[in-house]
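To start, the structure under review is shown below, and the notes come after it.
Per-chain numbering from 1; labels A, B, C and D assigned in written order.
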Amino acid sequence: MLLTIKYFGQIAEVTQKEEETLECSAKNISELLALLYSKYEGLKIKDFQVAQNQELVSESTEITGAEIALLPPFAGG
Amino acid sequence: MLLTIKYFGQIAEVTQKEEETLECSAKNISELLALLYSKYEGLKIKDFQVAQNQELVSESTEITGAEIALLPPFAGG
Amino acid sequence: MKDKKPKNVFRDGAISSDFIGNSIYKHQTKTSIGAHNIFLGQVRADDIDGKTVAAIEYTAYEDMANQKFHDIRESAFEKFDLTCMHIYHSLGTVKAGEICLFVFVSSPRRKVVFEALEYIVEAIKADVPVFGKEIFEDDTHQWKQNN
Amino acid sequence: MKDKKPKNVFRDGAISSDFIGNSIYKHQTKTSIGAHNIFLGQVRADDIDGKTVAAIEYTAYEDMANQKFHDIRESAFEKFDLTCMHIYHSLGTVKAGEICLFVFVSSPRRKVVFEALEYIVEAIKADVPVFGKEIFEDDTHQWKQNN
């Protein structure tokens, strides 16, 4: 599946990019994260949540959507 | 004792004045009110609190101060 | 007896949005502040028995009222970690849609301002001798009463 | 799916006191309103390990953030009897002392605005994907995190 992955804040500092497109076979978020951890070693020690198509999801959530985002702690207001 | 009596809002509508000076022998607030009720019949049906020297007092409070005020319900804000 | 003399909280007529904006502006030099909370009381054009409120005419037992505002202020600073606090109340005529009460609190942290502002506004409504004559469009009136 | 499209809550840079004053002014035609409550978030010049915060640079996952602001808005209107509600949040650089969040609620009655404003501000802090880079005076930085 072709996925757009978005990175924000201190996560984007680790990946050195704000967005990328990946062709990947990960079935759920956990599998996708394993792939990203191997690509970006520094992600492992970072605190973040994952959104799929703009909704927060858990590691066991199946990948269905085209847009995944890695969101560091919120700091609004 | 020479007292200044202040009237506000709907109380001043009844007394037709905002202030008056009375020479009176009332010992406590209750006695003063009896005097004022006889002077201003319409006061009897009004809801108000009494302040002596800018502090709220009860009917049994002794009159010690020079300034008494009749305060209808508050409506600030 | 308090050693600090109460300030005059009253303003003649409505409190303008310019005055409020300017008051906010003046706080931008205070860089320890993280949160402001502002309460504004606005005169409602209430319908009462088919008549509409056009304005409220405010009067007050001014000396006692300023002392009460001062006491509320002192007690709020004691209870809450506030950086600043300002209260303004109208006297005289304030038309429907205009602002008659402006309470402004500031603190390093947000939890404090929510608690403090509600405390202050409730105390003003309950304890300060201010009186309001609701004037209808046909020039009759009734007396406002806080609940 | 919601039928109403989310509005854009974000403003470029700080929110000015003029903008806030003008927003208050616009509500003076709404004569069913009796109480306004306004929350302002201001950037603090915090001292952290001997360094002082000079500004916060805000970024956001904008589409998701606007959807979350929209959801908060809908849920606040459902829970509370509000006449109006406005939210504005900064993106980009906001210097210490400047305002980065402006939340404005209005209702016929005061009790409602206190509850509603706190609900909305807490929801914004917890649920909206906005990120803040605290920039120190020496140009180093750290990432802000809501508690």
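Definition applied: a residue touches a chain if its C-beta (ideal position, glycine included) is under 8 Å from a C-beta of that chain, and two chains touch if they have at least 3 such contacts.
Treat the numbers as computed from the prediction; the structure is a model and nothing was measured.
Asks: Note the shortest touch-path length, in steps, from chain B to chain D.
Replies: Steps on the shortest route: 2.
Asks: Would you kindly say which chain has the C-alpha centre located farthest from the C-alpha centre of chain D?
Replies: Ranked by distance of C-alpha centres from chain D, the top chain is B.
Asks: Centroid from C-alpha atoms only, then distance chain A to chain B, rounded to Å. What do you get?
Replies: Chain centroid spacing, chain A to chain B, equals 73 Å.
Asks: On a C-alpha centroid basis, what's the spacing between chain C and chain D, in Å?
Replies: Inter-chain centre distance comes to 23 Å.
Asks: Per the centroid of Cα atoms for each chain, what is the distance between chain A and chain D, given in Å?
Replies: 26
Asks: Where in chain D do residues touch two or more of the other chains?
Replies: 41, 110, 121
Asks: Identify all positions of chain A at which a residue touches two or more other chains, and write them in rising order.
Replies: In chain A, the residues touching two or more other chains are 77.
Asks: Each pair of chains that touch: what are they?
Replies: All chain pairs meeting the touch criterion are A-D, B-C, C-D.
Asks: Show me the residue ranges of chain D that touch chain A in the complex, using the header's touch definition.
Replies: 41, 56, 58-61, 63-65, 67, 89, 100-101, 121, 124-133, 143-146
Asks: What part of chain C is in contact with chain D in the complex they form?
Replies: These residues of chain C touch chain D: 17-18, 20-22, 24-25, 27-45, 96-99, 106, 108, 110, 113-114, 117-118, 121.
Asks: So in the complex, which bits of chain B are touching chain C?
Replies: 6, 8-10, 51, 54, 69, 71-77
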